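In what follows, chain A forms one complex with chain B and a second complex with chain C.
Now for the complex of A and B:
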């Protein structure tokens, strides 16, 4: 039994993991890493717990995995599995030739490769994936790539191991069309540019509240919400706790409950937001086609 | 503009992607409303969204096809029930500041026969509308405003039940009936006073 398990998230609908009201242009922004501004989802444990509670019905297992209910009044116990926050992996951006492409950057790929122990990929990226701010490295054939209105010149660097890793990531997509699309339609850009893209190309949606009597927008009834777009790919790591008393089966129970399922994460659930497919990373058959 | 809109016909694979994904959701979470309805005249959702032409339309960010946001459907349904004096009876499905609603309204997606068209409003007295001093008279030029609407299309509506809150079967039936009436009679989106946003059953 492994000490840790990596899970991928594929956004079926837009995801709003918010920070609450802020004073910027966007009233309800999403959570981000302070230093890089990459999107993150912090409250993933609670969302997974809620899913587990409804779908497994095994109260004992729930407490063993996630820890005791603080409201139960009994002596509290910590959970036996530790959950990381969800981090960005592939971010979809509109593109006139490909409908949309997924953008990522060396920093993101190195972090992910570290999480899944792909040392060779880290080495390959550190040695070879040097991309200038105005260039990009697409996995498909192109001279120039448009990311919304940004035009980037393509550089030709071969990264076979990274390509193989991305092909493996593609399995988290819900349907074959998207699985095949991830295998080719990924663009690697400079870390700084990636940070700017994930800040400026999220979905910002105006919402209004209409007064029922006058049928006009209420005073103060316009606000802007920020979402991670549909088709965003993220990942999180689950580790066995230090205090875990050799309960190897807990990880398996958790994995089999969430793998391949649709889980709700973040806010605005009742208007269809926050549905993500969960995929447990691991060796499976069917890898040979890449 | 028309040429661009016509290109959409070649993009049927996009509708197939959306529909396949919706079917997967239906397999995982039994929907209490699963309806395909046909746009009767025209449909315009998101008229106020930012757009290169003056009147916007809500499009899916990644797929570029018109969608009806779940928030628009939920809001319209609440307002429809409110006007019929039935809101209190169903208030628990919408939730309030203390409690989350018991239903989940997904975005309605186009599944087939999608055609966009160009619509126009043509103010004849624009100076009069813009400043009170100018009298309304026939010496102004008309100023056509063109915008895009959904001309034809069959949309898939999905409403799911919150996993932690169940609704009685009899109530589900009633909700579904009221929902269909909203789509047929009350209408969704902008310009419902001009007959926009109504739907018909899909005859199969």
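Now for the complex of A and C:
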């Protein structure tokens, strides 16, 4: 098995990992994969390093894990752990019956199952989870499912291994109420529809800049920011780099520093955004991968 | 010939630096890679696993033999491998054709006989099964990387943070372009059994800049495209870069033991990289870019046989195809 550890992220507040200014309707859009338009957070390593620096206060360990600081003027050293970008796993969408449900799709689930070495789940999804564009597979009993204004006909396909995987994912939620909700309130939709949902159902928030003297909005001081909604679930993978000989404890050090803690990722921290709970996959069942 | 495909499927994105310096506040374009980063990644993974093999160095391939890279897409029909398209392919309407040769008193010229042929086609790749059809002289299709849904060039803007204060450092902004696959990746090929055996034990490698994780799988490929064609009018087209003693054309003016009549699409491609062991840039080669076509004629003298340099690193691999004479009148 590869020497790796998967971490889940559960968004306690909205998250903005931006691309910078764009000329479209949204001035500050979030980062997305170009091929699928699925949301991602690319620069997760910097945010984790900042958290580690503040909470561990062990400069030596920080350099071992994340690499040297190029500003130090000394010979640079690469980090001993390698961080993937954060990828979408479950995306919350308004639903009239359940208040909200989490939406995902076969492509997302297969990618995640690959990351956590659940080969049987990949096989089950590839063989059985064929979902048309106007249909969905809810984990709860329903004949029709509304995702905001989209009405989908529910199909009855038994995916026991996938259901078990989602039950394990539910452990990343910070409280039991949300853990139990994830176990049942997940809807699997077609890959293309999921791509459209994560493009059209993010939160777009107007912001203004106030002139401190006149207390009015400054000219040109209106802009729109895009956020991943609260309760979004994402994941990322940390691997020991090939230069990590004799440093097996580094993964444990990193894991114990971030697991179960609230970390700030992305921008707009001072307006209360980007707070995510981090959960180390496999931690509760002794199935940790590192 | 027994052939294996070594499939490199990136977990998120993968990028390869172009051969030039860069710094913060700069834009770095990712380029289509040579075989070197794949050799480096595979060797490191094997060394990490303590495998008994000769890792070679920047100038010697050692035990590993691979050629490529090409790209592939996972489909319900299996993995579809796409090769660079030969530069003698042109398009009339929706039909793809290969240039016949016009024989003149001065020599041979590749020619597009149709007046309404596209002067430059957008398609830059050809799928393996279509390449087999092209070799047989049947109708074939080509793929444009720009419009392919399974791969895209993506640009990332990065900033350096003052980690104590979590704010951007002044002027520390940069952008990098890289490859993002939807459901596919890069593929290297090998006809070496020992290489296939060694790589079958690797689950993944760190590849390209920022050491991105890439899952590795190996599968046997059934195809005859790399087999020689026993025909009179044979052309070869490069699927990987080649480094010839004479530049674009070997100084012996021969290839695969035959005289070169004429060429299409022979363009210079600088090839280099960073030597991690010596901590200095590698030697820069002026290679011929993939897709170049060499139309071949009579057999050459035995002592005029010439191959590309760096062949152990997969340079100078070609596919044989037939060419036709342009009818007179």
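Here is the rule we use: the second predicted complex is superposed on the first by the 277 of 290 C-alpha atoms of A that agree within 3 Å, B and C clash if a C-alpha of one lies under 4 Å from a C-alpha of the other, contacts with A are read in each partner's own complex, and residues count from 1 in each chain.
Everything below uses one rule, namely that contacts are C-beta pairs under 8 Å (C-beta built on N, C-alpha and C of every residue); 3 or more make two chains touch, one makes a residue touch a chain.
As the structure is a computational prediction, the values presented were derived from the model and not from experiment.
Asker: Looking at the combined model built on chain A, do chain B and chain C fit side by side or clash?
Answerer: Fit: chain B and chain C sit side by side once superposed on chain A.
Asker: Is A:157 contacted by the first partner chain B, the second partner chain C, both or neither?
Answerer: After superposition on chain A, A:157 lies in contact with neither partner.
Asker: Should A:116 be classified as contacting the first partner (chain B), the second (chain C), both, or neither?
Answerer: After superposition on chain A, A:116 lies in contact with neither partner.
Asker: Could you say whether A:50 touches chain B, chain C, both of them, or neither, answering first, second, both or neither?
Answerer: both
Asker: Who does A:35 touch here: chain B (first), chain C (second), both, or neither?
Answerer: After superposing on A, A:35 lies in contact with chain C but is clear of chain B.
Asker: In the overlay, answer first, second, both or neither for which of chain B and chain C A:63 touches.
Answerer: neither
Asker: Anyone got the angle at chain A's C-alpha centre between chain B and chain C, nearest 10 degrees?
Answerer: Computed from the C-alpha centres, it is 140 degrees.
Asker: Quick check on the superposed pair: does A:82 touch chain B, chain C, both, or neither? Answer first, second, both or neither.
Answerer: Second partner only.
Asker: Of the partners chain B and chain C, which touch A:99 in the superposed model: first, second, both, neither?
Answerer: A:99 sits against chain B, while chain C stays out of touch.
Asker: For A:142, decide between first (touching chain B), second (touching chain C), both and neither.
Answerer: neither
Asker: So if I take every C-alpha atom in chain B and every one in chain C after superposing, what is the smallest distance between them in Å?
Answerer: 6
Asker: Following superposition on chain A, which residues of chain A contact chain B and also contact chain C?
Answerer: 50, 269
Asker: What part of chain C is in contact with chain A in the complex they form?
Answerer: 11-13, 44-45, 47-48, 149-154, 156-158, 160-161, 163-164, 166, 180-183, 203-204, 206, 211-213, 215
Asker: Which residues of chain A touch chain C once you look at their complex with the stated criterion?
Answerer: Residues of chain A touching chain C: 1-2, 19-20, 33-36, 40, 42-43, 46, 49-50, 53, 69-70, 78, 82, 84-85, 87, 107, 114-115, 237, 239, 241-242, 264, 269.
Asker: Spell out the part of chain B that touches chain A in their complex, as residue ranges.
Answerer: Those in contact with chain A are residues 13-14, 17, 20-21, 24-25, 28-29, 48-49, 60-64, 69-71, 74-75, 79, 82-83, 94-95, 100-101, 103-107, 162-164.
Asker: Of all residues in chain A, which touch chain B in the complex?
Answerer: 12-13, 50-51, 54-55, 92, 94, 99-100, 174-175, 177-178, 203, 205-208, 210, 212, 229-231, 261-262, 268-273, 275
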